[in-house]
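Read through the structures below before going on.
Shared between the two complexes below is chain A, which has chain B as its partner in the first and chain C in the second.
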Partner chain A sequence: MEAALKLLRSAPATAIFGVTVIVTYVLVAIFAHWLAPYGETQIVGAEYLPWSDQYLLGTDNLGRDMLSRLIFGARNTVGIAFLTTCLAFLLGGLTGLLAATLRGWVDQLFSRAIDVLMAIPALIFALLILTVVGTSIPALVCVIAVLESTRVYRLARAVAMNIVVMDFVEVARLRGEGLAWIIRREILPNALPPLVAEFGLRFCFVFLFISALSFLGLGIQPPTADWGSMVRENATLITFGDITPLLPAAAIALLTVGVNFVVDWFLHKTSGLKT
Partner chain B sequence: MSDETVKNGAGRDGSGHDGSGAVEAGVGRSNKPAEILLRIRGLKIEGRSGETWSEIVKGVDLDLHKGEVLGLIGESGAGKSTIGLAAMGFARDGCRISGGSVEFDGLDLVKAGVRKRRRLRGSRIAYVAQSAAAAFNPAHKLIDQYTETPVQHGIAGRAESERDAIELYRRLRLPNPEEIGFRYPHQVSGGQLQRAMTAMAMACRPDLIIFDEPTTALDVTTQIEVLAAIRDIVQQFDTAAIYITHDLAVVAQMADRIMVLRYGKLVEEAPTRTMLSAPKKDYTKSLWAVRSFHAEERPRPAGETPVLAVEHVTAAYGKTRVLHDVSFEIHRQRTVAVVGESGSGKSTTARVITGLLPPLEGRILYKGKPLPPKFSDRSKEQLKTIQMIYQMADTAMNPKQPVREIIGRPLKFYLGMNGRQREERIRELLSLIELEPKDFIDRLPGELSGGQKQRICIARALAAEPSVIICDEVTSALDQLVAEGILKLLDRLQGELGLAYMFITHDLATVKAIADEVVVMLQGKVVESGPKSEMFTPPHHAYTELLLSSVPEMDPDWLDELLAARARGEAGGKIEAADN
Partner chain C sequence: MGKILVMVAQRLALGLLTLFIVSLIIFLSVELLPGDLAQEILGQGATPETVAVFRHQLGLDLPAHIRYLHWLGGMLQGDFGQSLANKRDIAELISGRLGNTLFLAGLAAVISVPLALTLGILAALYRNTFFDRAVNVFALSSVSFPEFFIAYVLILFLAVQLGWFPSISNIGPNTEFFERVYRSLLPALTLTLVVMAHMMRMTRAAIINLMASPYIEMARLKGLTPRRVILHHALPNALSPIINVVALNLAYLVVGVVVVEVVFVYPGLGQLMVDSVSKRDITVVQACSLIFAATYVLLNLTADVLSIVSNPRLMHAR
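Right, the complex of A and B next:
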């Protein structure tokens, strides 16, 4: 704990800003029930009410409180994005490390399969699959995780390739160590910094991807509050000069910026860049 | 020769006047007119580690006269290269010149602007880097890279400097001087590339060339060619040079004067002959004494089964055959040194023995029983008996594992040790390799010096309780003093534990120090093998002879005598043969 505080004190202003944003989002997501003045799907008044003391950010197209939906949206959107990114890393990271360590046909098989997946535009591919299997949250998570894992695979494989040729890996092989030990103890610790940095960036992309799908109507389904669909549902308000529908978009943008700041800082620390 | 000098001298005068400010020029001339080319006073350079700056060069004075060759020697980290670069008014990334002055022909390079410095570099001061392969741009032909500098500085046109390049290639005795320039860097050998680099540095006929370990990465047989070429050309054009190296025998051949550096400070300075015959300081004496370590040759045991036998091994990478019918034996408590230049198949032999490269023909016997050709088919017991120590201790250890885990893993893996027993054994091993257990057990490899890292690698090999250790160039990346410590340690361990060593090296001094038996390899074949005493007494195989005679000696006349002897035709044909 003390070390973490010390680390934070040496961080640049941008990183502190990023950490603050992320921590705030996480807290909001966890304590949504206590923070939100109204329920997630509760209809509290007339449609499209303006900002007032009772409804701080007004109401939406069905008369639900905007602020409450925004708060619950943090839980849904961020939670699902986090879960998806984890899954993508588990999948892409593991196959990438395996391919780099085993080489030969395993590498060929994985790499060519990934090439095929990457050849198809991600958004169109996701739209296609989701239309076929239906838009449940597990399907959404799985499809995005598989699509995003291609990028993770590429990175994990490239990083691991540079480590596999090191003498210490040869030492471990010659000692008779098993595959799991070599990957877990020799390669993974050395491949971790770029992968962690990538995790931050990937999280942003997943987040944007989900929001994009929701905006198109194939993402998180109503009545669940979600920032992407909130923009779509209330888009008509913009024509009347009301900025409310832009607030969920701003929330997405803010988180993306915050995460990027933290990732930048982390990359600087691990790569030893000075300027 | 002399007319060249005059012509260039005239050219220099013109370029020297235009830029240098009146004040600075005055300083340069007041003391020793036209004599001193480079004058460094109280030079201080700082390097950044983390957020703080620490001094790496702590006030060095240096004078270099026109046409003089100055040798800078010292261990790594002594600040040799940093001073060499500072002589051009340059500091590497993460370094800065924090004090003192570097006056080149009256102009203080520390204070001079970027433009003035840039005008000097390449045209009047040139630099030859350690690794020519890394210093050349692989995407351009040699001659295009040669002409770049003269054209850039407006000294000569393209066609003119191409003719000049060919002339210099000829003087540096490169094969096919008319054509070699039109090759790409990867198409010529390392020694040739280093000479092409020297030619490039000579392109503008500079007053000063800085050679930063130009032969360190080369084999002994090629090193001679490069040394002779560099020395000739420097003499022909009467160029001043700073020659940076850690190899004393090399500097003895090249320099008129030697400066010994340590921890960024000058230890001693004297003309070469005085320095070699009568060093004053203890540190210099210890450097001089390094090559004196010599282990007694142990007699070959009769009738004993060798611990390890390589029998008629032929191996290939893909379709290229790299080993042809290699055979030798290693006995208990004996050291077999495998010698040869790079590409001779020394390391490949080690890969065959460890099972990384299954041979096409032949087999490896351990105590009379054949080992499975692939390491993955060998049992734990078989893997444990052959351990390896690598050249680069840096990459041979996982940077994320502390010493305790590096040494502890084989203990657990092979011997099933756990808990206190393992902890005690790790400490025992650390004491065995002469490192204080409580200081080192929790360190990461990044917190160790080069010599300490290599010791930890030795401890890791010992942890498996092997009977054979393959040492692949274990000392070649280390400073001589440190390397000697490692050799002594290995020798002591052999005496105590009865280990057999296969010692791969290209350094014959190391062979003399530690071997009982020598195997000489050339192009994947064993050309000669036998006990050390026989190998170092004539008659030799032609290649062994060449190899032996190419090892620089600490005698400033050695190179002259050797070249004279070879010119007389004694070994002339063999050099040609080896160069091809």
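Right, the complex of A and C next:
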């Protein structure tokens, strides 16, 4: 704990800002039930009420409290994006490490398949698949996880390629260690820093991707509170000069900027330690 | 020179192969539909006879590889089949919209490419000054923002508060050229902000990288002005990565257009695709996917070929 505090004190202002943003979002997401003044889908008043003491940020197109939905949105949008990123890493990381360790036809098979997947723009591919399987949250998570895992695969494979040729891996092989042991104990610890940084960046992409799909009405479906669809539902207010619909979009932007700052600092830190 | 031709030919062959595989994937993804396309369209209430007749009409009773060849052959001749939702000819639906989308992407490219290159070169020229840092912060933050956020902020300020531009891009086939440019300027500006950052940072990085090499040092020691060193000595060698990143971003532009078109109700291909996805109009989505994917693949291919051709080291290969 003390070490973490010390590390934080040495961080630049941008990184502290990023960490603060991320911690706030996580807390809001966890304690959404206690923080929100009204329920997630509860209709509390008339439609499009302006900001007031009773409804701090007014109400939305169906008369639901905007602030409450914003708070629940943190849980839904960020939660789903986090889950998707984890899945993408599990998939891409595992196949990438396997390809680098086994080489040969496994590597060829995975790499060529990923080349093809990457040749199609992700948004278009996602739209096509969602047409076929229909829009549901499990489908959304799986499709985006598979599409984003291609980038994770490329990085994991490239990083692991450099480690596989090291002497200590050779020694472990000669000692007769199994494949799983070599990947887990020899390769993974050495490949971790770039993968952790990539996790932050990938999360941003996944988060923006899901928000874009939700904004198009093809992602997280109503009545679930979600930032992308909240912008879509209340967009008409903007033409009257009301900034309320911009708040969920700003919430998305703030989190991605925060994560980017932290990743930047982390990359700086890990590359600095090596030299 | 022969070496370059071989490399370019290899890339072109690979590109064609990619296009073929992409079309196969787009076709097959619909084959994987749980259940049956005819059943899906007609609904649960249809009798087996109606479904059988409809399957025959759609040609679904033929084996998959024959249908694929029919489909691809039709696409290549401009026959995209019929929309499932309203039975209209897809080619008719698409033709005008494709033109609008390309116009919007083109307009965004015409604004963003020169602007990004100029800002990138200036940032490299005035490295580590306030200008450089401001440009960098701006670039980093504009990548982090969702497209619709940028779009609505522009609408709020430029359309609603200042009233300079219309917030909805109402474009018809008879709109005059300048009127058309004016009405699509706001979406084009949004796209510019989205793609500019990456191009600018790459230009800056490519030039700064080169500035450390000995021949630039030599040019500087000869007493040349910084402007001449950058424009005549550094830029030609930095051109290859820059051209590459420009082409990649143009490829991104064609796809990024989807969200922006929806925000501005711009009558383009992206909006048609999004509408069709929510209606689950599979044939239209297939056609749109193929057009978008083909444009994307072709632009990526152009990026590869151009970066081979513009590499001075390959031009004078011994």
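Note that in this section the second predicted complex is superposed on the first by the 272 of 275 C-alpha atoms of A that agree within 3 Å, B and C clash if a C-alpha of one lies under 4 Å from a C-alpha of the other, contacts with A are read in each partner's own complex, and residues count from 1 in each chain.
By definition in this document, a contact is a pair of C-beta atoms (placed from the backbone, for glycine too) under 8 Å apart; a residue touches a chain by one contact, two chains touch by 3 or more.
This one's a predicted model, so the numbers in the text were calculated from it and none came from an experiment.
When both complexes are superposed on chain A, chain B and chain C sit side by side without a clash.
In the overlay built on the shared chain, the residue A:41 is in contact with neither chain B nor chain C. A count of residues in chain A touched by chain B and by chain C gives the higher number to C.
Superposing both complexes on chain A places the Cα centres of chain B and chain C at an angle of 90° as seen from the Cα centre of chain A, in steps of 10. Contact with chain B, but none with chain C, is seen for A:167 once the two complexes are overlaid on the shared chain. Contacts of A:176 after superposition: chain B is touched, whereas chain C is not reached. For the pair chain B and chain C, the model built by superposing on chain A gives 5 Å as the shortest CA-CA distance. Chain A makes touch with chain C in their complex at residues 115-116, 119-121, 123-125, 127-134, 204, 208, 211-212, 215-218, 228, 231, 235, 238-241, 243, 245-246, 249-250, 252-253, 256-257, 260.
Interface of chain B with chain A (complex): residues 48, 94, 354-356, 375, 378, 380, 383, 388, 390, 392, 395-401, 409-410, 413-414, 460, 464.
Put simply, chain A touches chain B in their complex at residues 166-168, 170-171, 173-177, 185-186, 189-190, 274. Partner chain A is touched in their complex by these residues of chain C: 18, 21-22, 25-26, 29-30, 32-34, 140-141, 143-149, 152-153, 155-156, 159-161, 167, 251-252, 254-255, 258-259, 262-263, 273-274, 276-278, 280-282, 285-286, 288-289, 292-293, 296-297, 300.
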